[in-house]
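The structure's right below; bear with me while I get my questions together.
Chain naming follows the written order as A, B, C and D, and within any one chain the residues start at number 1.
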Amino acid sequence: MNSFGRLFRVSIFGESHGECVGITIDGCPAGLSLSPEDLAADLERRKGGKQKGTTPRQEEDFPIFKSGIFNGKTTGFPITILFENKNIRSEDYTKQRSIPRPGHADWVAHQKFGGYEDYRGGGHFSARLTAGIVAAAAIAKKLMKDVSIHAEVVEIGGEKDLEKGLQNAIDAKDSVGGIVECRVNGLPVGLGEPWFDSVESVLAHLVFAIPAVRGVEFGTGFAAARMFGSEHNDAIVEMSGKTKTNHAGGVVGGITNGNELVFRLAIKPTSSTPKEQESLNWDTEQVEKFSIKGRHDLCVALRAPVIVEAVAALVLVDFMMLEQKIPTVLS
Amino acid sequence: MNSFGRLFRVSIFGESHGECVGITIDGCPAGLSLSPEDLAADLERRKGGKQKGTTPRQEEDFPIFKSGIFNGKTTGFPITILFENKNIRSEDYTKQRSIPRPGHADWVAHQKFGGYEDYRGGGHFSARLTAGIVAAAAIAKKLMKDVSIHAEVVEIGGEKDLEKGLQNAIDAKDSVGGIVECRVNGLPVGLGEPWFDSVESVLAHLVFAIPAVRGVEFGTGFAAARMFGSEHNDAIVEMSGKTKTNHAGGVVGGITNGNELVFRLAIKPTSSTPKEQESLNWDTEQVEKFSIKGRHDLCVALRAPVIVEAVAALVLVDFMMLEQKIPTVLS
Amino acid sequence: MNSFGRLFRVSIFGESHGECVGITIDGCPAGLSLSPEDLAADLERRKGGKQKGTTPRQEEDFPIFKSGIFNGKTTGFPITILFENKNIRSEDYTKQRSIPRPGHADWVAHQKFGGYEDYRGGGHFSARLTAGIVAAAAIAKKLMKDVSIHAEVVEIGGEKDLEKGLQNAIDAKDSVGGIVECRVNGLPVGLGEPWFDSVESVLAHLVFAIPAVRGVEFGTGFAAARMFGSEHNDAIVEMSGKTKTNHAGGVVGGITNGNELVFRLAIKPTSSTPKEQESLNWDTEQVEKFSIKGRHDLCVALRAPVIVEAVAALVLVDFMMLEQKIPTVLS
Amino acid sequence: MNSFGRLFRVSIFGESHGECVGITIDGCPAGLSLSPEDLAADLERRKGGKQKGTTPRQEEDFPIFKSGIFNGKTTGFPITILFENKNIRSEDYTKQRSIPRPGHADWVAHQKFGGYEDYRGGGHFSARLTAGIVAAAAIAKKLMKDVSIHAEVVEIGGEKDLEKGLQNAIDAKDSVGGIVECRVNGLPVGLGEPWFDSVESVLAHLVFAIPAVRGVEFGTGFAAARMFGSEHNDAIVEMSGKTKTNHAGGVVGGITNGNELVFRLAIKPTSSTPKEQESLNWDTEQVEKFSIKGRHDLCVALRAPVIVEAVAALVLVDFMMLEQKIPTVLS
């Protein structure tokens, strides 16, 4: 369903062109200072329009605290945060509806929800719902003050020179994919479990909740499949658990080992490419050519880092609470 | 913890050198014919020793049904299956204990569980626990009679010619990693949800529960990050939802679209390499050289396919039940 | 935490004197017609002021749908409903704060949440949160069109003549408790499980979530403890499962048997009695006498029936969905 | 399903006349000393035959630890405990099967599980499954060393003189019900939550998992419904939270207040009465008279106290862990 987490549990709701999108956080300890300003930096990063390759859309993403905050501090009860939808254009979304866009959820949503889904702007599938996720994660980050989480784009369209990768797409008048890498420092040893609650399992679970992610790898990842054991093994060299190399990416046996946690994601090219495409028209039952209008991100990977950090923060704060590394009431 | 699934829920327990390993399946519909023979083929595949590169160990993996079966059929109540551990050698495991093996969970387990963990043969971390997972999945497969799940090794040590990849490792006297690919046919349209319960999320969650997995990708996966949108998008060409290409690997917006479900895993080289290694001795606090004795799989990826199929089956049967594609009582 | 249900899952949030109270419903099938009018009758019943013994407060409890509804129908995605708090008087709640009111959560909340709790009007403990529960249950009731749920007060202050029981309290200038009985007809045979998911277990769980409930009994209940087996046993007399008597109250072995489901609740007298009381002043550390000002319900049981029906509806719709008695998309 | 608990989670399995009954405990901290002797006293109390009114059956209830214990201590991994079924008589249980016994689950089980249920001796519905629950609870009790839980029968057949109540039943050649009371001392302030996770909610949930329970009440319970507010309110008189009276039974607003936790259960008369009864024969579709043979408990309430203590212990240890009152590894 639409909830995730065991002790720090988030629930998302809302639609792109409905009243709002939002999130409820249940399980946040009482006593954390919290104001909209604490969320501002990450919400700002999530918005597009600031860099080449992202849309110049100017939504105002102002978080409205509806519950769980009193006198500027968390109360220990559910925190609900809304982002009201404004300036929704009343255009006729039904016009183009009969042609499900390739790469989008139009067709599967229609099949699964019997045509009752809110299809305007992607509805509940819209990346606008990540506003709530980023907001909740900003709270999670505040709870883990000794942990630093940093994600960045490390490749666009196969180019490590990001400007060049983007220019290739602009020149080709096409959208393009990319790779995002996330590094986490300051984690305690001992988060996670073998088997179903391994750190990789729970992180991968939430990482694939991000639209457009097609792969995830930890440490050396897919390259490990091409290595010999003697190359890949990380020798422990200090009593703290520090290893000589970090091919494991900070997790062994599903459990953090105190070294830097490293993972990478593959993000597909934006489905809404400027190029002409074809798809089936479900009214005429014919394959038709069509173009997607409007301004879209050429490379959605560019907006992903803050969302990747967010899902990492949500997963890690929950593991920290399970290990009693965060008290139930802050003092 | 050690349970997974919403309506078809499995719970694992046991240790490599304790009394047994086992699994409990809660939520299996009543009325399914079931005998140990139904599990035999997959349990046989899980065992090593039949092919070059796997250990010639000869454990008997006979599943003992302890509950939930009556007159050869499931009752609708929990099915507990045990695999008793036999021929456990009473050797002194404590001897080598002070040197945590690189790539293994020795060190993190010791830190997290305060030295109380059963370290013999990997204890609860041992791949022997996959016997239960494979057994439960054989039941899941029987419940999904129109669905076929097939996994295979497609690359060893970077070589698509598997014999050659393995020979390279044998020649190098080293262990080696590999890539496993899984393809699922016959799935209905509409399994999964956007966001937290996407098919990719839940599959990746369970795939990373398999020891030694370092990465997972769906459809075109990491290669999608290097493509243009116009290349990657799959045009829908039939009313059934069939697409011209299948770069998405059968899942769009987190939901199955009726095309073949395709995913690939990176499996690291076996941590127990024949080569001499070094690690910290936690008694002497010195880095020491040591060798791992005994016979081990050179390429653990070779034994992975049946386990990969198993986790896929467990995830998919649960999604099928959530969509009411499997009745609560079979007739 | 603040969520309940397996397939039809509700999450509550909000405070009495904060921005709002509300609820999110996750798992409601797509295609159900829904408007604020569908919730109006039950929300109206929940309000006080219409009958002797309830407060003449006039809050406007208008449900605002924030998500999950499109073109007047449910979409299959989370439905968030808000009740904005209006006319909150800005009086100084801190004045009386140092004396925790007997029977209220003031003292335990302060201890548990370290003083960070929103204490104004009971905060998250306030019965105002039942507005969300009643709203969600009105949706659940609509999904179970063949099931009728009816609760009523059957005793006030030990009197079956309710007017008399209430008059006794008015004469004594005191608050008073009562008994509420709920009867459900039209349930299918086979809801519930033995042991942890028995119908009684899950119903009792949610019934005790209602503030002021001190006991619950099914069928003959506590009187059964004073009966012989030959008196209590219900003989099955029809192939439909109909029994001659219904001492079991419609549940045997944790599972509905097709007879009327019957349960009763004990509701304590309103803690806010008009009488002078004593409690410890946690600033002076002295026991002090004090009176609670303002208008309060003399008998909170009078407002309970619609809430009792609500929790019954939430529990039963979830059991119905687990048994596939309600489709995932309505047609 | 067949699991309960959030951090200390138990899963039951097995049938009365199958291979075994058993339980798995997931989430028990590492480092707790544990041997079968620790469970012996409570398992002995659970057995019948020692007192008038219970059956002289002599099963051997020896707990076999199958996992999770190493060198006499818990490892932090799942603990599976089996009770093998011995001396199962191979009589023809099918003979009497066509007449579902009143008060038993025969008929509902048959309807719900389509005839696939193991009906021998009650199968999975059998009270024999409480052996596992009592065993798990003995572990929970050991984890809460400052908490004392004591339950006892306080009434049989309406008589507080228990001998007399039992003699009435013996004289009437009938079975009889009773009341069990449980008192818990030493709990910290602050366990539980308002609403869905109130202490009463979770306790009542598990109490109704005990077969034959028909009602539960906390503190003054149903009597509270007949009191005035000024009588019922408990004045706080000490800074520790101690109240002058304890009508609330130790829980206010769903949260423990440090006073004695008190609750009572109504247990129906044993369904298997020695008296002749009638029920529908589902083969002949006629109501027939019949008698239940064999020796049965006249008053099942007599065996209930240790089981009531058990469910209380399972609920409370979980709340203690949620409040970080028990470490993840014991030292």
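Of note:
To be clear about the criterion, contacts are C-beta pairs under 8 Å (C-beta built on N, C-alpha and C of every residue); 3 or more make two chains touch, one makes a residue touch a chain.
Not measured: the values here are computed from a predicted model.
For the self-contact between subunit B and subunit C, the two sides draw on mostly identical residue numbers; the shared fraction is above half. Look at the CA centroids: the one farthest from the centroid of subunit B belongs to C. Centroid to centroid, with C-alpha atoms defining each point, subunit A and subunit C lie 37 Å apart.
Chain centres here are Cα averages; for subunit B and subunit C they lie 45 Å apart. Averaged Cα coordinates give subunit C a centre that lies 26 Å from the centre of subunit D. Residue positions of subunit C touching 2 or more other chains: 1-3, 12, 112, 124. If you draw each protein chain as a dot and join the dots that touch, every dot ends up joined to every other dot. Of all residues in subunit B, those touching subunit D in their complex are 1-3, 9, 11-15, 18-22, 24, 26-27, 30-31, 64-68, 70-71, 73-80, 82, 112-114, 116-118, 123-124, 329-331. The touching residues of subunit D, when paired with subunit A in their complex, are 6-7, 322-324, 327-328. Of all residues in subunit B, those touching subunit A in their complex are 1-4, 12, 100, 102-105, 107-109, 111-112, 124-125, 129, 155, 157-158, 169, 172, 174-179, 189-190, 193-198, 200-202, 204-209, 211, 213-239, 241, 243, 247-249, 252-257, 266-273, 275, 277-280, 282, 285, 287, 301.
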